[in-house]
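After this come two complexes, each holding subunit A, first together with subunit B and then together with subunit C.
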Partner chain A sequence: MKHRTLAALSQSGGVLVVAIAVTALAARVAGQAPSSAKPLPAAPAKAAPAAPAAKKWTLPRTPDGQPDLQGYWTNSTYVPLERPDKVTKATYTPEEFAAVIKEAASREAEQTEPGTVADVHYDFTQFGLDKSQSAFVKNDLRTSLIVDPPNGKMPPVTPEGQKRAADRAAERRRMGATTDAVQNMPIGTRCLIMAGSGPPMMNAGYNNNYEIVQGPGYVMILVEMIHDVRIIPIDNRAAALPENMRQWMGDSRGHWEGDTLVIETTNLNGKNPFRGSSENMRVTERIARVDADTLSYKFTITDPATWTAPWTAEAPMTKSVGPIFEHACHEGNYGVTNTLAGARLEDRKAAEGAAKKTSN
Partner chain B sequence: MRTRFCTATLLAAAAFGVAWGVMPVAGQTAAYRAPRTADGKPNVNGIWQALNEANWDIEGHSAGPGRVVALGAEDAVVPGLGIVEGGPLPYLPAALAKKKANFDKRLTLDPEIKCYLPGVPRAMYIPQPFQIVQSTKTIMMAFQYAGAVRTIYMDEHKEAPADSWMGWSNGHWEGETLVIDSTGFNDLSWFDRAGNFHSDTLHVVERITPADPDHLTWEATIEDKAVYSRPWKMSMTLYRRKEKGARLLEFRCVEFVEDLIYGHLRKVQK
Partner chain C sequence: MKHVIVGVGVGLLLMAGQVRAHHAFSSEFDVKKPLTLKGIIVKWEMINPHSWFHLEVKGPDGQVVEWMIEGGSPNSLIRQGVTKNSIPIGTEVTIEAYAAKDATNKAVGRNFILANGKRLFVGSPGSPDAPPEAAPAAPDAAK
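Presenting the complex of A and B:
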């Protein structure tokens, strides 16, 4: 497993945690996700045709008649959000995609050389945390999660969005090094929130696990990291948040359109921007049970302060293995303490070294 | 003849009905039968909250000064009759000394101050609401405080695969009562702000019974041979949050304690 620095791990809007909480090590068995009989649609607009030999699958329902979305799911995938620059088509052939996975998996499994600067003490591969060592979505051959715009990339950023990005970058520079204070570190490192929560819910580097439990009038989504619970009230049974009340995961409200759960989220606090979004981003998610092993998950981002048009991505989920382990991130966050303490030690050594020079 | 028989039958039926609680009898209250979920179980879905002072101190206690002078009356200890049944907590002698040390150093040691997960049963009476989402195989309890979560496994009962702050909970129904058996705790959470504590051999058995449409009776038996000389019980009422549109909000307190925990390691002090 290649050495991953904090910088390498940070992605805009989604961060991996280097400090692994003691209680959060999920002993995932290296294995296969049970494969669906039906391949996911190659062209997103078409419905998946039933595989001829498979038994007809009927949508299960909860005892009170909701479509049953319950179970353990993962959105772990090798499909990137945006289509790579060199790629012009919307889907790979199975052979091409197999090569993509193989290449990525072998990069994950590379071991660092002991005694070198790049060597890591905690190797993801040894702990079964490589993406390829757990269930991941296997039958999605697209070259991007984004389906609209059709070029597989986010729409252009507005002038206001560009200015906001520049302001944020300037503010980060003004704050100083990440090791100067905990508030300078990525929010995932600080155990505040991770990419899996969103919304929209995106896969991160590992432990991309979800558990859905449904009760009367509520759909509850447990995100493994950082044990975030999204409680989606159906049909306005929860009071709407006023304009001035903002939350990390916003205010989510759901309703059923046929057998699809539609979730609208507003009132984000803007502290966890998604690809540069503003606090007025609106996220519309659509979740449906496609078959025994698949949830379709589609999200539309509407943020006129940031993008010239709304944009949509599909990031399906496949069946995963439970249980969800407790991710007590903050409670076990030795990484922040040790990183800051180490930096202060280096500061003192540098100061002592400078003092020696001047006194000589 | 027929009339007398019918009358006698009616009288017998009435007596029978009284004995089974259909009509309240002096000195007896009828057992409440909660509405059922679609899969036939007592319905405990909803937003609930304890309305007592157990989070200050699970034992009966008077009012007292707080930990921080500048916070004055807002940090002062609120008095409470306590939720522990039957006398002082049966600490082993060494454990009682540790409890006293915990109390003396509570400002630095209480995990709640650092926004750590509350553990069980403290999560049940920390003064913020929690929501129960009840399904057949799983009952989830989501807590507003620190976004804590308890998964109650109703179907396959397994042993805890690892220790955790919130423990591993296996649940089953006994008539009207949800019985939750929890183990797999680490030793890092406290029972309250007064320093009452447990070890990693903590074993909690809760019994949750709807008392009426808006109240749950909650009882817990605590067993921890490393700390207490015998098992002991606590009990309290959980109240339904009834305001229109009641919901959990975010109390993501990690952000609020960063300067407390890491402030001394800043390059430039504030």
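Presenting the complex of A and C:
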């Protein structure tokens, strides 16, 4: 099976992404070039220090001076978006958090009961898909990703937001069983988009990895799941999309504020709601390189049609392993066909059974 | 007509260790049809969203029947160092599975158990519980 390179992933971005990849590779090489200091001519030879002090980390930059955010990152974490009901404080002690991780990891490793619906699934641990087998953000001891409101929970939902949720639920019921038609299946099952793509980027069940590549005027974020790509212009070269043009991941524009990349996204099509959001949600993301292995990632949701106030979460990312194997979801999605075929066979059997009964 | 897309919803479909019944696995495979398949792996499609193992099973009549068994996304295993050469063609395996509802030779593999009793990939090179002397597999006959 061919292992695709980033260049091959450029199908969705065409030549542009290839160009960015080439530039980014050059940037990485340049960024790693060591500087050579000339020794002082008349000074006596200095002995090398026996235990050199830890070298102060300096923020790497791309050749055009952008802070270098590039690499493979994961936002996999044991910190929930919202603070659990029983918890009142903002941070766990290290011991408390270790207990949280231990409990979650043992729940993941739990074997299901044979003959139950939960058992009708491959074992996640055999495929390394449980959280504990992959890189995850380790030094974040908070009790919620949400930092504002200070209670660690999303603000109240507006009446309009509640009605929208009820309407969506009613529409799902009206459409019928998920096994009746592919259009009734969740959009992730249909390989359209996954929750973690965002914006905002949020960890989902597994494969919570992203690759960031930068080039002059653009930042590209590759989302592992369903290999979604966000190409974000950062130098005002592109006018904002008109109101009526809507996209699955919205329309993003970035700019630097100091060494923080600020990305504003609007023009979502509302078909992949984030926690019940409307299509007019505005997402503001702030990404910065904290150290060699860490990105800070902060997002603010502004959606007055859904929440009574904007709210903000911090979901840092830690270094992950690359390259990212292409999650070519649709091409391998035998599951949808199998599910529909199985349901139609059951329908036929039921119809035959009913016909026998009436003819008796 | 306003086209309503069914959202992913709060019960995220892929939460490892939770909500396993989601994603229609119990619609695709029959909880009332558990089976144990013993055979050799002749192909592993390392694809997404789920990988598929092709198993040749010898029936009591000596006839060989090919089964297709659904497994997980290979992406995390690949990060752990698993490659297409990690499972040589002909690897013996016993798979505890549930048969597909469409009456074809397909199933979802709950447990993949190797001839030495170990479960597939648990302890693969690079995984947290990898044995210290994880020896590479015999020269592969895989394509």
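Just so it is clear, the second predicted complex is superposed on the first by the 297 of 360 C-alpha atoms of A that agree within 3 Å, B and C clash if a C-alpha of one lies under 4 Å from a C-alpha of the other, contacts with A are read in each partner's own complex, and residues count from 1 in each chain.
Going forward, a residue touches a chain if its C-beta (ideal position, glycine included) is under 8 Å from a C-beta of that chain, and two chains touch if they have at least 3 such contacts.
Keep in mind it's a predicted model, so treat the numbers as computed, not measured.
Trainee: Using the overlay on subunit A, decide if subunit B and subunit C clash or can fit next to each other.
Mentor: Subunit B and subunit C fit side by side in the superposed model.
Trainee: Thinking of the overlay built on chain A, is A:62 touched by subunit B (first), by subunit C (second), by both, or by neither?
Mentor: The answer is first: A:62 touches subunit B but not subunit C.
Trainee: Is A:127 in contact with subunit B, with subunit C, with both, or with neither (first, second, both, neither)?
Mentor: Only subunit C is touched by A:127; subunit B is not.
Trainee: Look at A:195 in the shared chain and tell me whether it touches subunit B only, subunit C only, both, or neither; answer first, second, both or neither.
Mentor: A:195 contacts subunit C only, not subunit B.
Trainee: Of subunit B and subunit C, which one touches more of subunit A's residues?
Mentor: The larger set of subunit A residues in touch belongs to C.
Trainee: Which of the two partners, first being subunit B and second being subunit C, lies in contact with A:143: first, second, both, or neither?
Mentor: neither
Trainee: Using the superposition on chain A described above, determine whether A:107 touches subunit B (first), subunit C (second), both, or neither.
Mentor: A:107: touches subunit C, not subunit B.
Trainee: If we overlay the two complexes on their shared chain A, which of subunit B and subunit C does A:302 touch? Say first, second, both or neither.
Mentor: neither
Trainee: Examine A:334 and indicate which partner it touches, taking first as subunit B and second as subunit C; both and neither are also allowed.
Mentor: second
Trainee: Just subunit B (first), just subunit C (second), both, or neither: which does A:325 touch?
Mentor: Both: A:325 reaches subunit B and subunit C.
Trainee: State the minimum pairwise Cα distance, in Å, between subunit B and subunit C in the overlaid complexes.
Mentor: 6
Trainee: Which residues of subunit A are in contact with subunit B in one complex and with subunit C in the other?
Mentor: Correct list for subunit A: 179, 183, 191-192, 324-326, 328, 331, 341, 343.
Trainee: Tell me, which parts of subunit A touch subunit C in their complex?
Mentor: 1, 104, 107-110, 112, 114-134, 168, 171-172, 175, 178-179, 183-189, 191-192, 194-195, 204-207, 209, 224, 271-273, 275, 320-321, 324-329, 331-335, 338-339, 341-343, 345-346
Trainee: Mind pulling up the subunit C residues that touch subunit A in the complex?
Mentor: 4-10, 12-18, 20-21, 23-31, 34, 45-52, 70-80, 84, 96, 98, 100-104, 106, 108-112, 119-122, 124, 127-128
Trainee: Which stretch or stretches of subunit B touch subunit A in the complex?
Mentor: It is residues 37-39, 43, 45, 115-117, 131-140, 142, 147-149, 151, 153, 158, 161-166, 186, 188, 244-250, 252, 254-255, 258, 261-262, 265-268 of subunit B that touch subunit A.
Trainee: Residues of subunit A touching subunit B in their complex?
Mentor: My answer: residues 23, 25, 27, 62-65, 70, 176-177, 179-183, 190-193, 211, 213-218, 220, 222, 226-229, 231, 233, 237-240, 245, 247-249, 323-326, 328, 330-331, 336-337, 340-341, 343-344, 347.
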